[in-house]
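What follows is chain A paired twice: with chain B in the first complex and chain C in the second.
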Partner chain A sequence: MSGQAMWAILTFLAAGIGTMLLGLALRWVDRKVTALVQWRVGPPWYQPLADVLKLMGKETLMPSTARGTGFLLAPIIALSATAVTAAILWRTLLVPQEGFLGDLIVVIYLLMVPALMTVLGASASGNPHASIGAGREVKLLLSYEAPLLLAFLVPIARSGWTLDLGRIVTAQAASPVVFSVSGVLAVVVAVVCMQAKLGQVPFDLAEAECEIMSGVYVEYSGPSLACWLMARMMLLALLPLLLILMFWGGLHTGAWWGVPAFLGKYVLFVALVTLIRNTNPRLRIDQTMRLFWFVLVPAAAVAVVLSMTGISRGIPWL
Partner chain B sequence: MALTTWALRKSLWVYHVNTGACNNCDIEVLELLTPRYDIERFGMVLVGSPRHADVLAVTGVCTRQAMPRLQEVYLQTPKPCVVLAIGSCSLEQGIFTEAYHMGPKVDETIRAVDPGAIILYVPGCPPKPEAMIDAAVKAMEFLKTL
Partner chain C sequence: MNGFLEAMRDPLMAPIVWALAAGAAAYLAARLSTAAGKVLAVAASLMVLGGAANILRRPEALASSIPWADLGGGFLLTIDLACTPLGMLVLIASAGFSLLITLYSFRAMAGEYWEGKFYAYVIWSLAGTAIVALAGNLLVLLVGWELVTLMLFLMINQGSGDAPAGAAKAYGILGFADACLLLAVALLVAQPGGSANLSLTRGAVPVEDLGAAGYVVYSLILVAALAKAGAVPLHTWIPKAAENAPPSVTAYLPGALDKLLGVYLLVVVTFRMFQPDGTMGVVLLVVGCLTLLGAGLMAVMQENLNRALAFDAVSQVGYMAIGIGAGTWLLAAGGTQAAALAGVAVAGALFHMLNHAIYKCSLFLMSGVAGKACGTSNLSAMGGLGRIMPVTFLCGLVAALAASGVPPLNGFASKWLVFQGALSLKNPGAPIVLVVAVFASALSLALFLKILYAVFLSPRPAGVSVPRSGKGSFLLTAPMVIQAAACVLLGVRPQWALELFNPAIVQAGAQAVAADGGGIRTGDLGLWNPGVATGLILIGIVLGLGFAWIMSVKRKVRVVRPFLSGEVPAAGDDRFRLPATDFYKTLGKLPLIGTLLAQGETGAMDPYYWSGKHGRTFVELLRSLHTGLVSLYVAWCLLGMMVMLAYLLLSARI
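This part shows the complex of A and B:
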C-alpha cells in the first residue's frame, strides 16, 4: 500500500473518531443547557456515551413487515457518509491549500446522504408512523436544500467562482465573507438551514416525538439506533464547522489568536443551535415549506445579487 | 459484559404503557420529568417507541382488552428490559379484582410470554414520584447482577 493511501486512511480514522467524541460532548452540552433552561439539573457529562454504549449492548429487533437489507444498511451508510464528510472538512480546516477541485460539491452530496438514508430506512421499516416521518423528511429536504445552496453561492462568488473548499477558505484570509451585507444575510439563511439539516426543534417534524412517536426511527432498536444517534451527533459537530469554513475563514494558523478565534466562532454556532432549539415550538410541514421557499430563498437570492453587485462595482462591504 | 451493563444502568429509557389506569398514576409518572424530580439526572428519558425502551412503566389494572397489547409491547421491547408495575391496580387490581372485564394481573400477563422477566412493583394509589425514583434506583442495583 502506498504511503498516500495509508495517510488517507489515517486521516479518515482520526477525523471520524475525533468528530464522534466531539459530537458526544456537544450533545451533552445541548442537553445540559436545555435542562438548565427548564430549571432542571440535567444529565451527567457521560450521558450520550452511556446511551450509545447501552444501545450497542441491546438486541436488534426486526419488524416482520421490514425489508431487512435496506432497514439495516441505511444507518451504516448514513454513519459512514458522515465520517467521510468529517475527514474532508477537518483536512480542509488544517491544510486548506491541499484540497481537490469540487470538494465542496462532494461535501454537499455527502451531507444529503444521512437524510436520504433516513427516508430509505424509514420506508423499509414498514411502519405507518415511519412512513409519515419519511414523507416529512423528503419535504424538509426539498425545503432547505435550495436556500442552503443559494447561501453557499455567496462565498463561492466572492472567492472568484471556485468550488474548491480550501481556496474558498484561503480567499477569506483578508476579509471573511460574514463581514459584508450579503455575507450576513447568507449566514442567517445558512444557520436556519443548518437547524433543519440537524432535525432540531423548530424543524423536528420528521421525528416528532409526541405525534408520530419519533417517526422515522420508530422501528430501530439496539446497534442500528446507535448508528443513527452517532450520525446525528457527528452532524451536530460538522455543520458549524462547514459554516465557519464557508463564511468565516477557517483557522488562521499564522496568528496567535487563530485557534482561540476559531473556537469562539465554533462555540457561537453550536450555541445558536441550542438557543433556537430551546426558544421555538415545532413548525408544521406547510409552515416549514412556506418559510424556506417564500422567505429564505428570496433572502438568499438577494444576498447573491448583492455580492455579485459588490464584486462587479468593487464595493467590498456589499 | 461489564461496560454495556454500566451503560444500561446509566441510561434507562422509559416507555409508558397504560393498561386501563384511571390516569392518576400517569400524572405521577409525568411528574418525574418536571424540574422538581428531574429523572434525567439519572439518564432516564421518556421515549415514544417500545423499540427504544429499556424500562416499561406499566400502569393500570390490565383489562382483557389490554392484555394481548401489553404482551405484544413487551415482546417488541429489546432485551434486557425491566418492567415497573406502577400503582395498586397493576399489583393486585385493587377494587376491580372481581370485575367482569379483568384480564390476569400485569406480572402474570408478562410472565406468560417471558417467565424470566424482571418485574419491580411500586405500590401506592397513586405511588409518590419518590417511590418511583426509588424503584428506578433498585432496578439499577438489580441490573448490576446481570
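This part shows the complex of A and C:
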C-alpha cells in the first residue's frame, strides 16, 4: 500500500472518530440549551454517549415487511459516507493548500448520501409511516439543494470560479465572504438550508414524532438506530464547519487569534441551529417547499447577482 | 459480385456490409426459424466488434472513397468512409449494446409473433449505426440515420395497445428531423464547392464563412441531432414510444443507440464540420437547461415506469447539450486555456453519453423484467420485487444511483466534468447552468428513489399474484449485471473510457486544470480520485459491519411485526400500503410549477400535438370544401379560371 493511501486511511479514521466525539459533545450542548430554554435541568454531559452505548447493547429488531439487507446496511453506508466527508472537510481546514480526495461537488454529493440512505432504509422497512417520511425526506432534499448551491456560488464566484474547497478558503485570507452584502445574504440562506439538511425543527417533517412516529426511523432499533444517531451528530458537527470554510475563511493558522476566532465562529453556527430549532414550529412539506423555492432561491439568486456585480465593478463590500 | 468482394476487403466497409447481409438473411429466415435470427444477431454483433478491432489494429488512419455517380452541377455521389476515435467508440458501444439486447431478447421476446423479424431489425439498426459512425460525408451519414429511424418505427409499431400511435409520433418527429438533415445536405451542395461541402473529414469551417446559409445549415443539423437524442421540445416521441413498445426495443433504440447517434452528430456538426460561434454555444446551453429542468420535473410526476424512465432519458440529454454548448462557447472565446477547458466540457458530455446509454439501457431492461413480473408498468400497482428478484434489484439500484450521479459511480464522474465545464464559462450564465445541472441531478435522485420504492421495496399490492422468475432468467439478468458492473468500473476508473475516446481531450483537460491552479490536485487527470474515496467508504462499511457484528454476536436479528400503532392488517388489506405515486403530489400543487406540469401533461409544449391540432383544422377546412355537389366544383373551376385570366391580363399589362 502506498504512503498516500495510508495517510488517507489515517486521516479518515482520525476525522471520523474525532467528528463523532465532537458530534456527541455538540448534541449535549444542544440538548442542554434546549432544556434551559424550556426551564428544565437537562441531561448530564455524558448523556448522548450513554444513549449510543445503550442502543449498541440492545438487540436489533427488524419488521417482517422489511427488505433485510438494505434496511440494515443503509445506516452503516450513511455513517461511512459522513466519515469520508469529515476527512475531506477537516483536512481542508487544516491544510487548505493541498487538495485531498475531492472538491466542493464531491462534498455536496457525499452530503446527499445520508439523506439518500435514510430514504432507502425507510423504504426498505415496509412501514407506511416510514414511507410517508421517505417521501418527505426526498422533497426536503429537492427543496434545499438549489438554494444551498446558489448560496455557495457566492464564495465560488468570489474565489475566481473554482470548485476547489482549499482555494475557496485561501481566497478568503484577506477578506471573508461574509463581510459583504451578498455574503451575508448567502449565509442566511445557507443557515436555513443547514437546518433542513440536519432535519432539525422546523424542518423535521421526515420524522415528525407526534405525527408519523419518527417517520423514516420508526422501525430502527438497537445498533442500527445508534448508527443513525451518530451519523446525524456527525452532520451536526460537519455542516457548521462547511459553512465556515465556504463563507468565513476557515482557520487562520498564521495568526494567534486564528484558533479562538474559528472556535467562536463554530459556536455561533451551532448556537444558531439550537436557537432556530427552539423558537419555531414545524412546517408542513408544502410550506417548506414554497419557502425554499419561492423565497430562498430568489434571495440566493440576488446574492449571486450582487456578488457578480461587485466583482465586475470592483466593489468589495457588495 | 466483384464489387461486393472488393467491399468486403475494405476494412471500413466490411462491418457495414456484414451487418446488412446478416440482417437480410435474418429477415428472409424469419418465417422459417427464429433460431436463425438469434444466431445471426449474435454473429452480426460479434462481426461488427471484430471489424472494429480490425480497424483499430491498423496503425494508419483509414479512409476510403468509392465514387458512385456524377449528378452534374458539381454534385458527385461518393461513398466516403472514415475512421475517427469517437466514431469507433460509437461503433463498439452499439455493437456491445446489440449483443446484450439480443441475449436479453432470447427470453424476453420468446413467443412473440414477430420474434424472427425482431432480430433482423436489431441487426439492421446496428448496420445503420455502423454507417453513421463510419460515414465520411453527410450523405452517407444520412442513409444510416434514416435506416435507424425506419427500424425504430417498425419495432415500436409491433408493441401492444397504443403502440402504433407511439410509432407514428416517433416517425413523425424523427422524419421531420431527417427532412431537416436532407435539407441541410441540399443547401450545402448548393453552396460554392458543391458536394465537397458534405465531407466530414476536410476540417472544420467557420459557420460565418458560409454566410446566412451556414447558420441555417448548422441549425438544421442541430435540430436533427437534438430530435434523435431527444432534447426539449423535440423529445415527446420518447415517452410516447416507451409506453407500449417492447422493453428490448426501448432499451436498444431510445435508451442506447439513439442517444449515441444524436450526440455523435451533435459533436460532428459542432466540431468536425463547422466552427460555430459563441451564440450557437448559448443556444445549446439554453436547450440543455430547459431539457434538464422540464423533463426532470415531468419525470418525477409520472405514474408509469416506462414513461418515467423515458422522461429521465430526455432529461439527461441536457447534460450532454450543456457540455457541448460550454465547449462551443469556450472554443469561440479563443485562447489556449479556454480551448483546453472546452476539452474538459466536451469530454464530460461524451463520457456522459456513454454512461447514460449504459445505465439507461440497463434500467429499461429492468423495467421490462419488473413489468412482466407485475403484469403492469403502473407504479402504484407494482411492488415487492426486491425479495423475489434480488439480482435485478441490485442491478437496478446500481444503475439508478449511477443515473442520479452518486459517487463513486460513472454518472458522477461524467457529471463532474460537465460541472467543471459549465463553471469554466466564468460568465453570468455559469451559475444558472451549474445550479440547473445540480438540481436536475437531485430530481433524478428523487425519481429513482420513487422507482426503487415502487418496484422493489414497497409491499406488493393486494390481489397481485406472486411473480416468479422462471426458466431462462439468467439471460434476462446477465445483461443487467454486465451493465451494472460497467457502471461501477467506469466510475472507479473513468480514465479508461476517457483515454478511449480521445487521449488528446484528456491531456488538454489535464493541462487546463494544471494551468488553472498550480498542479493537478485531485487526481491524475484533473478528475477527483475515485479510487481512494471508494476505498475509504468500503473501509467504513467493513468497520461498521464488524462493529455491528461484535455488538450483536450473541443475539440474532429478531423479526417482529411492523409498528402500525397497534393495528394488525389482515391479509389483502391495502390500507397500510403507501403507493409511490403519492410521493411527489405536493409538487403538482405548488404555484407556477404545478401549472407548468399540468400544461406539460396535456401536451401544451409538444410541437407534434400542436402541428397535429392545427393540421387537423386545415384538413377539416379542405374537407368542408369537398361536398360532392357538381355546382360547387363548377363554381371553383370558374373562380380558378377568373384568377388565371386576371393574372394573365395583369402580367401582360393590358
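In this text, the second predicted complex is superposed on the first by the 315 of 318 C-alpha atoms of A that agree within 3 Å, B and C clash if a C-alpha of one lies under 4 Å from a C-alpha of the other, contacts with A are read in each partner's own complex, and residues count from 1 in each chain.
The rule is simple: a residue touches a chain if its C-beta (ideal position, glycine included) is under 8 Å from a C-beta of that chain, and two chains touch if they have at least 3 such contacts.
What you see is a predicted model, and the numbers here were worked out from it, not measured in a lab.
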Partner chain(s) touched by A:213 [first = chain B, second = chain C, both, neither] | both
May I ask you to decide whether A:61 touches chain B, chain C, both, or neither, giving the answer as first, second, both or neither?
-> both
In the overlay, answer first, second, both or neither for which of chain B and chain C A:33 touches.
-> neither
Of the partners chain B and chain C, which touch A:47 in the superposed model: first, second, both, neither?
-> first
Once the shared chain is lined up, is A:9 touching chain B (first), chain C (second), both, or neither of them?
-> second
Is A:79 touching the first partner chain B, the second partner chain C, both, or neither of them?
-> second
What's your read, chain B or chain C touching more residues of chain A?
-> C
Thinking of the overlay built on chain A, is A:141 touched by chain B (first), by chain C (second), by both, or by neither?
-> second
Looking at the overlay, does A:272 come into contact with chain B only (first), chain C only (second), both, or neither?
-> neither
Which residues form the common part of the chain A surface touched by chain B and by chain C?
-> 56-57, 59-61, 213, 218-219, 222
Which chain A residues qualify as touching chain C in the complex?
-> 4-5, 8-9, 12, 16, 56-57, 59-68, 70, 72-73, 76-77, 79-81, 83-84, 87, 98-103, 105-106, 108-110, 112-113, 116, 119-120, 123-129, 131-132, 134-135, 138-139, 141-142, 145-146, 149-150, 153, 156-157, 161-164, 166-167, 213, 218-219, 222-224, 227, 285-286, 289-290, 293-294, 304, 308
Across the complex, what residues on chain B touch chain A?
-> 1, 3-8, 10-11, 35, 38, 40-41, 43, 47-49, 51-52, 54, 76, 78-80
Chain B partner, complex, touching residues on chain A are 31, 35, 38-44, 46-47, 49-54, 56-61, 209-210, 213-214, 217-222, 225
The residues of chain C that touch chain A in their complex are 386-387, 401, 404-407, 412, 416, 419-420, 423-424, 426, 428, 430-431, 434-435, 438-439, 442-443, 445-446, 449-450, 452-453, 456-459, 516-517, 521-522, 528-529, 532-533, 535-537, 539-541, 543-545, 547-548, 551-552, 555, 557-565, 576-578, 582-584, 586-587, 589-591, 593
